[in-house]
Amino acid sequence: MDYQELIEEVYQEVQEENLRGKVANYIPELATVDPHQFGIALVDLKGNVYGVGDYQNPFSIQSISKVHTLTMVFPKFDTQLWSRVNVEPSGNPFNSIAQLEYEKGIPRNPFINAGALVITDALCSKFEKPVSQISDFINELAGENCVEINQAVMKSEKNHAARNTALAYFLKSYKNFDNSIDEVLDVYFSHCAIAMNCVDLAKSFSFLANDGYSIFANKEILTESHARRVNAIMLTCGFYDEAGEFAYRVGLPGKSGVGGGVAAVMPHKFSIAVWSPELNEKGNSVKAIRALELLTNKLSFSLF
Amino acid sequence: MDYQELIEEVYQEVQEENLRGKVANYIPELATVDPHQFGIALVDLKGNVYGVGDYQNPFSIQSISKVHTLTMVFPKFDTQLWSRVNVEPSGNPFNSIAQLEYEKGIPRNPFINAGALVITDALCSKFEKPVSQISDFINELAGENCVEINQAVMKSEKNHAARNTALAYFLKSYKNFDNSIDEVLDVYFSHCAIAMNCVDLAKSFSFLANDGYSIFANKEILTESHARRVNAIMLTCGFYDEAGEFAYRVGLPGKSGVGGGVAAVMPHKFSIAVWSPELNEKGNSVKAIRALELLTNKLSFSLF
Amino acid sequence: MDYQELIEEVYQEVQEENLRGKVANYIPELATVDPHQFGIALVDLKGNVYGVGDYQNPFSIQSISKVHTLTMVFPKFDTQLWSRVNVEPSGNPFNSIAQLEYEKGIPRNPFINAGALVITDALCSKFEKPVSQISDFINELAGENCVEINQAVMKSEKNHAARNTALAYFLKSYKNFDNSIDEVLDVYFSHCAIAMNCVDLAKSFSFLANDGYSIFANKEILTESHARRVNAIMLTCGFYDEAGEFAYRVGLPGKSGVGGGVAAVMPHKFSIAVWSPELNEKGNSVKAIRALELLTNKLSFSLF
Amino acid sequence: MDYQELIEEVYQEVQEENLRGKVANYIPELATVDPHQFGIALVDLKGNVYGVGDYQNPFSIQSISKVHTLTMVFPKFDTQLWSRVNVEPSGNPFNSIAQLEYEKGIPRNPFINAGALVITDALCSKFEKPVSQISDFINELAGENCVEINQAVMKSEKNHAARNTALAYFLKSYKNFDNSIDEVLDVYFSHCAIAMNCVDLAKSFSFLANDGYSIFANKEILTESHARRVNAIMLTCGFYDEAGEFAYRVGLPGKSGVGGGVAAVMPHKFSIAVWSPELNEKGNSVKAIRALELLTNKLSFSLF
């Protein structure tokens, strides 16, 4: 399989289809990005990097960082983590609070906002300097200093934080929040504001395609069992209320962000990051999802 | 890998754990089964059969038959099927009607009751003698005449049909039901009342581990692409509101039934059926799920 | 207070406002009515009748008949009735099934569809010939033979019965339904298809303004205590999810129907029926509600 | 009617029934009250005061103060107020956030917590020194300096404010919150922590029984029309998700608080305050509600 040829073909076909969506505008800073950008980077398990389009332009990874924070927290708590957050698909928009009420303060999974806030809260309990340690961790996964926190995005998020603040207080009312809400939200907005390019993002997901071992960090990041479980959660919960659709069309564990990025893995084969800012109504990048669908069709293998 | 040794080991360990649940009692006929039965059958892609415990005893496959009916219907409608039923995890109990109201008569997926009724309705539109054709189809998949419709179970279901009848009328009120409600319910209760043993059930799922081709029927049942998609739907939706938990713990596409059976596939390796009547509170067999968890741990591979 | 002058003034002002809505179209037969009709009849406790506009034209009283059936059933069961149906406002559309699921088969109140079906079911348990006995009862309340069941409307309802049938089966699944669903639905559609004019309808409500005693039937229909309670339920639940709005604007106990009628009482003063077919989006007659609002403003008394 | 005799009779009968409930414990400070206290004060429209039991002991009026704040705010905004908060019964617990999400940030009514926060926010936009002006206003209504803000209760509420803070941020995320959240919550907790006795509370409600004119303040507090509307809202929304039950059993406009108080009015007759700390599961005082039910039965008049 010539991966470079493959992703170029995919890139070409997606461009020709000319799919359109809407750039995220819930925070002003995200709305300023050039909507036509589109890049793909694929990293195989030997460390070879393949790229096409705007794959070297940094973009706001947003919720994709929730995979990184989950990875940091998971080994610290092991299965005890699941007393605070569930692993079931949500079936609701990412920022819904109703479900959280029905389920008495236990978020559906670590990737909806409420669950990710719990993960960040847990992270703040175990790491002294959470913001810099998250950056260090992702840099290590990618094998180089690539992480930058976009301060403009971060400030923009803080200025539009009412909903996430409501979620945090609501979690606190169920005693599912341990640290200062302001501090945790700061850390949360910081990691959501991380900017990276497709190559580095794909590298940072490589360990999930490799049974937990990162060839870039040269060490085991998660046990094989933990890595499999993170993949399972990505598959069932990684795309908000479109997770089933993504599993159906693409069939890879992955995670999307409202910046338009998607990172995914084909276990034992490769990790991949695709980015294009225009989103469908569920908040997932139209071009990135289409690209991954074409790619797995062409490869004629997916998980299944 | 010696599969016989593997499933015996798993069988032994599960028996020692002595997990307990509750036999389904929503229809009286199901409640009469001996709760201590437990069997496993694994079928590899060469057609070798491995079995342990009560793997040759027939049991009521119940909702597992929804995979068979979906398989019959899917090629007839292709992606147009998804205008009538979604492919998203439900996050709600299998017989919930509230979600159906919020989503205006489009069931979340083909495996919750409302969705399976839509599938059976679609089946009735395309097959003249649906009950016997479903039996014929499953017999063909298993490579032998193995299907029996348990009339006592079927009558029992019909006598406790109020909820499913409500779902059918509710679907009809949204114009998402084409045929006579009584006829479709008859077909539905018939296929839910199919009794099979673990071997035949595993055989009938073999094509899903084999890119759509059944070595028992000697033909392509689904295209590779369709087979992958059925697996994706099983993974995200096959275990009611415990789908995420199953993906997390087991990591195989599968489908459970309230008779205590679970059928699952490891793509390109094997299909497997596990059965034990006692259920957890979500309606999934406690021993079957535990057995599959141990099995994938021992194999140290799952989908992920 | 000259009631004739009052209602003529109100009639005039409403006509000048030229409020528009939409005639109910969920059953074809209702959609054929002339939408410009508008009538008011007021009946004081001496039996004087005042009328204006189309107050002598019969119209389909629809859900207003639920007050009559509740009145027939209430003394038969007394407070035991409330084990099967609650007396709380619903806050949801009249035909919602989701709430019924959350509250485990106990409808919110006797006036939403699910609750009215329970009442009709209870009625069928106590009356041998329910359809004719309902007609007889209303005739008695009005002091003359005025009730006609519009067969075309009734058939139209039966042909669009999927949603109500779903509600009935759903109630049955919670064991909150005793009689044959088909029979009860027949009775239900029959009483909803009753046609009466404003005068007779106002007369049939007169006992509720008179502590339970009907001057037209010359007897106590309900005890004073029961009559007060029916009024309380009308006030809090009589206008679907617009009950609060009606209490706020009008302040009288009343009941609306999708035929465009509203019947209401001013306790110890009068009963009143107003009718005009065009409905607002909540299913209540725009002119009837406005007329009652103006009327209580002019009288400068309401309940409060 | 000898009101003194009446309330003594009611008092006696309720004491004999020995109804039990649970003192509110969501904030520690409320849980310390002696649960056996029980008092009734009735004030007629000439200003005569009748009392029995612990009617002179101050207690925490809690949510009853929401009637006072609504009264302050209503004339400032008139019907424009209803663009920010609805007047429909909620059908949900007082602190539910799910409904607020479904209805896009417009609270169901001014008496559930979310709605009361909107009212307090609106109040803060119109009054410079809201805390002292609320106290002054209630003192004026009662005709004497009776209001005391219990600082221990207020601090206790602030220390358990997570849920209300979540509601406030959630409202803000829908742009339905204008002022500083911390400031508004301070005002909110202050007015909920007001302590008064039954006499003064009944006096402060007297204007609502008197078409808006307070005989204690010697002035019109609300127009007659506004007063009627506040009564309507109390009747349909004053008792959380038990409003229909209260209307059914008692039939008076009223408002309860988790301190165990209930204030109600019989328009054109009297206002009344009843207090006993033990609550039913819906958060309403068991003895107070029972007392009011007996009282209206004995009077054999209610609204209806």
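As written, the chains take the letters A, B, C and D, and residue 1 is the first residue of each chain.
FYI, a contact is a pair of C-beta atoms (placed from the backbone, for glycine too) under 8 Å apart; a residue touches a chain by one contact, two chains touch by 3 or more.
Here the structure is a predicted model, which is why all the values come from computation and not from measurement.
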Shared chain contacts [chain B and chain C, defined touch]
none
Using mean C-alpha positions as chain centres, tell me how far chain A is from chain C in Å, no decimals.
55
Can you check how far apart chain A and chain D are, centre to centre, with Cα atoms defining each centre and the answer in Å?
48
List the centre-to-centre spacing of chain C and chain D in whole Å, with centres computed as mean CA coordinates.
32
If I count partner chains per residue in chain C, which residues reach a count of at least 2?
99
I'd like to see which chains touch which, written out pair by pair.
A-B, A-D, B-C, C-D
Within their complex, chain B touches chain A through residues 86-92, 99, 108-109, 224-225, 227-229, 231-233, 235-237, 241-245, 247-248, 251, 253, 267, 297, 300, 302-304
Name, in rising order, each residue of chain A that touches chain D in their complex.
96-99, 101-102, 162-163, 165-170, 172-173
